[in-house]
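Going by the order they are written in, the chains are A, B, C and D; count residues from 1 in each one.
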Amino acid sequence: MQIRTDLAVESQALSPSPKGVTSRRYYRGTLEETDVKVETEEAAKALEKDIGAYITLYHPALAHTEAEERKEIIRSLARVIRDVTPPEGEILVVGLGNRHMTADSLGSRVLEDVLITRHMKEAVGDELKGRLRGVCGVAPGVLGITGMETAEMVQGIVEHARPAAVIAIDALAARESSRICTTIQVTDTGIRPGSGVGNHRAGLNRKTLGVPVIAIGVPMVVYAAVIARDALSLLLRDMDMSEQEHRQAMDGMVEKITRQGLGEMVVTPREIDELVGRVARLIADGLNLALQPRLSLDEIQYLSHDGP
Amino acid sequence: MQIRTDLAVESQALSPSPKGVTSRRYYRGTLEETDVKVETEEAAKALEKDIGAYITLYHPALAHTEAEERKEIIRSLARVIRDVTPPEGEILVVGLGNRHMTADSLGSRVLEDVLITRHMKEAVGDELKGRLRGVCGVAPGVLGITGMETAEMVQGIVEHARPAAVIAIDALAARESSRICTTIQVTDTGIRPGSGVGNHRAGLNRKTLGVPVIAIGVPMVVYAAVIARDALSLLLRDMDMSEQEHRQAMDGMVEKITRQGLGEMVVTPREIDELVGRVARLIADGLNLALQPRLSLDEIQYLSHDGP
Amino acid sequence: MQIRTDLAVESQALSPSPKGVTSRRYYRGTLEETDVKVETEEAAKALEKDIGAYITLYHPALAHTEAEERKEIIRSLARVIRDVTPPEGEILVVGLGNRHMTADSLGSRVLEDVLITRHMKEAVGDELKGRLRGVCGVAPGVLGITGMETAEMVQGIVEHARPAAVIAIDALAARESSRICTTIQVTDTGIRPGSGVGNHRAGLNRKTLGVPVIAIGVPMVVYAAVIARDALSLLLRDMDMSEQEHRQAMDGMVEKITRQGLGEMVVTPREIDELVGRVARLIADGLNLALQPRLSLDEIQYLSHDGP
Amino acid sequence: MQIRTDLAVESQALSPSPKGVTSRRYYRGTLEETDVKVETEEAAKALEKDIGAYITLYHPALAHTEAEERKEIIRSLARVIRDVTPPEGEILVVGLGNRHMTADSLGSRVLEDVLITRHMKEAVGDELKGRLRGVCGVAPGVLGITGMETAEMVQGIVEHARPAAVIAIDALAARESSRICTTIQVTDTGIRPGSGVGNHRAGLNRKTLGVPVIAIGVPMVVYAAVIARDALSLLLRDMDMSEQEHRQAMDGMVEKITRQGLGEMVVTPREIDELVGRVARLIADGLNLALQPRLSLDEIQYLSHDGP
């Protein structure tokens, strides 16, 4: 029973903070930003996270803010993305995951609202000419639907599109259900194999793709087994029991989880369908603002595929 | 923290079986049928279920059987439905729930595959004439989307359509995650207020609608709070602790659940989107076979809306 | 071969203007407003339109305006809707048509973005209390899918919801393809039987529902037969031919149309899927602004179901 | 105003049959098969079709046959596909077109029902082992949505997946509306640049991809301009008019078409949404049967993604 999280900020909280990890926290109104840097191989191993920067934005009502606060979040997200993205050259946005599985559909949904411009350069009028950064995008699907490893497909596309960087969007798994649809993680390390909601991910990073890979993710689920085990741990801590009793209790939990088929189960908000749509739009807005600094928000909306 | 199940078979298992409840179990290959009868007001109160018959079909791989076994299940379901449905007169099928929320979309998805015939009587060719039973259908939506109580809407429609009976389809909540998408409950009691995945349901029954109401449901979620509490109970049972320690442990669990926002969280299979589609088709097939005994399965498929 | 249009402004242009019809045209930038009043039974018969007011907004790029112009159109639409809607009392918005048929899906798509408030009165915070007008909504589906006449269903719902007025949204058929997704018609006459894209409509009007019925529609198709016949007429006009030759030519056209199965064919823009989505949002915005005059646009967006 | 068809059988009917084209017709009940072979460069130029074989299946009610006739069509389609496909080696199925545009969504819809097996080889049980042919699939999307040429993307994927052949599925444009959703064309020439519903297609053929490319297509639209012009031609033929009058009439038609914006308009059946779904399933069934000759139809259904 593997217990895991895709959030560096959670990994770090779990470990007695090892050498080689730095962490800073900032607040902008209700929005909380945490910058975690994993700096050594040792730290990477301890946290099960690759060496690099992990920036986390957290807002308890991320999907349900009013207009002004929403704009604030979009601007913060755009700034965070720009900080880890090469300033020039074309960008390939990769929407990971399975569009037919709600909790795994974030990547393909964000892609639907990303402003795709790479093919527009001739078509657009004079007033836009020279102001558009080239962006292309693909939602490669998952192994079970394509029969191909995502990494294989993305490699093939990168070789032909030759972008300056890849930005990959994916749904994440977290440990705490309070993280679901409230937290955005941006990292310059790319995608770590085996992470994500669908367990489907092959590694997408500078080593496999040959260009910088930025990953943007939002937790959509907590594995039911994680919640059960965490709850139990918390309770046992306060009890006066021998090590053997403790082990027996944990084993009992694992057995119950297995018997109920909980290993395949996830915990999600009942309204996950609506939340994933709202969060996808938020991320697309932040990404568009980050990638098209010479456009206004109004111009972005006018040009973007789904209209205002 | 209300702990509940929509399955009579689970309610019964929880209670030290009270007077006024009878239960029988049959097997047909891997398919398990349980008939629970709630016969007295006392029993109804103890089980939190209305007086009436609850027939449960259970198959551990309900959504993933091979062709022959699938036909077996469809035929069993058709028989169960026929047993509680008036043999003559038009039927109104009501697909309850929220089509935009995967775990609550069973009702509207079943409706998409139900053979609607009430308007066909003139249009169909000679060879069908006289063999079609009149079926109409509606997916009224939920309070949050329509602003109207479902029961109000269905009442208005029943008054105009004047069916001999209503068959309501809905997604259920269960206690055991092993029930999700493996169990079909058919009951002649109608829909009990406040049950279902969306917590949205007003009562639909003979008293409110004036005609018999049959309800067909499949568990799609277990509330996360239920799983946590059940797991804890099981473990505490084996521990040697005072009543006070026990109460403290349970309170600690409740507090953790509340703090994490788990009350709004549900446990579902990761592939819920695919499962709900498969189960919806299965139920629609069983329902069509039950309501159109003078048609062959081939004719049903040929006439049904989505084609083979 | 019935040749028809759902737009009063086209009916009027076809007829040598009869007594009992008045028409005025206004311009606000590129937006053209035409007010047609059908005032006598004679005129109603000549135009095949019921007695009442028909207000048409036309913009050649209705679905593709920039932010400022879009707001202008929304405000104009809101004003036009308010002019024909009772100022107080609850409103039932009815989204007509078939959600599974792109060209007929306008009604149900608009409904998805209408701010539904009838059930909110207790839930909302103090700052909204007293400022919300009660709005409920339903997408009843079409005869082929429900087995019931739409009018029957809506009658049943009106009897229970008891709104002060009904606003019905529907996709229209026009004569000129340049009208598709560029024209919004608002009328206080309700829905005329047999009109619309799906040919499915029963009459929804004050007589059948007992309350005022406002209809809002946008042409989504032109029947292919109409285009063929119009094109031929135009050409024949310039030719020096006998009446018999003229009739022969028209008959030849009709025969060709029939032989090709063109009677069932519609002419639509290739990108109809995208256009219907954009126009639906536009209408929902105008409708929300008309029905909630005590809310700002920002508040409307914050409260509305699909979020910003 | 380019007048074109993607069907070789229509191209051939238009031209006074040139040298280098052979054509045979067969009947199996109501199903009509036409085999057109384009054998010389001259013929290719005259027909605007590449050198190769074009097999056309036509059934006037292709999307609405009863169970037995449907199986007949599936078997015929499977045989036709096998005749032009390498008998061994992995296959990459490419679903072309825009999934968000109904008339252009055939490719991605077929892909949803294709049995993807390339990744299954280890997972499947013993009884399947050795009987599955490896099939992978991708729906690359269109230029306007990805910013990349489809051919570029498919090239990249082919280089990594290294299939023995590519089978590309696409929506076609025809000249006669009676061809829409009644005709399937299978060709060993691949995809010709600029054809298809979306006008988006880059060439996919043995030359660009390095492996055999089979294309399967079904007409979904006729361009409105084509219908108008054809109708006019037909009529003018019978009139006694000078060449100048003839030219004037045609010019008048072109002007009218342009003025109405008909160039961007398509003629389609009103129920195109339903038809494309039915035809997509039919093609997927035929394709699965062709590619998995060692599986029964029942096994194919059991394994295929969307279930029975």
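Odds and ends about this structure:
One rule holds in what follows: contacts are C-beta pairs under 8 Å (C-beta built on N, C-alpha and C of every residue); 3 or more make two chains touch, one makes a residue touch a chain.
Worth saying up front: this structure is predicted, and the values here are computed from it rather than measured.
Chains that touch both chain A and chain D: B, C. Shared residue numbers account for over half of those found at the interface formed by chain B and chain C, and the copies are therefore classed as meeting with the same residues. Centre-to-centre, using mean CA coordinates, chain B is 42 Å away from chain D. Chain centres here are Cα means. That of chain B falls 38 Å from that of chain C. Taking each chain's centre as the mean of its C-alpha atoms, chain C lies 36 Å from chain D. Residue positions 274, 305 of chain A are each in touch with at least two other chains. Residues of chain D touching chain A in their complex: 116-120, 134-141, 143-148, 152-153, 155-161, 305.
The residues of chain D lying in touch with chain B in their complex are 63-64, 66-67, 70, 274, 277-278, 281, 298, 301-302, 305-308. In the complex of the two chains, the chain C residues touching chain D come out as 100-104, 176-178, 180, 197-198, 221, 224, 227-228, 231-232, 234-235, 238-239, 241, 245, 248-249, 252-253, 256-257, 259-262, 264-274.
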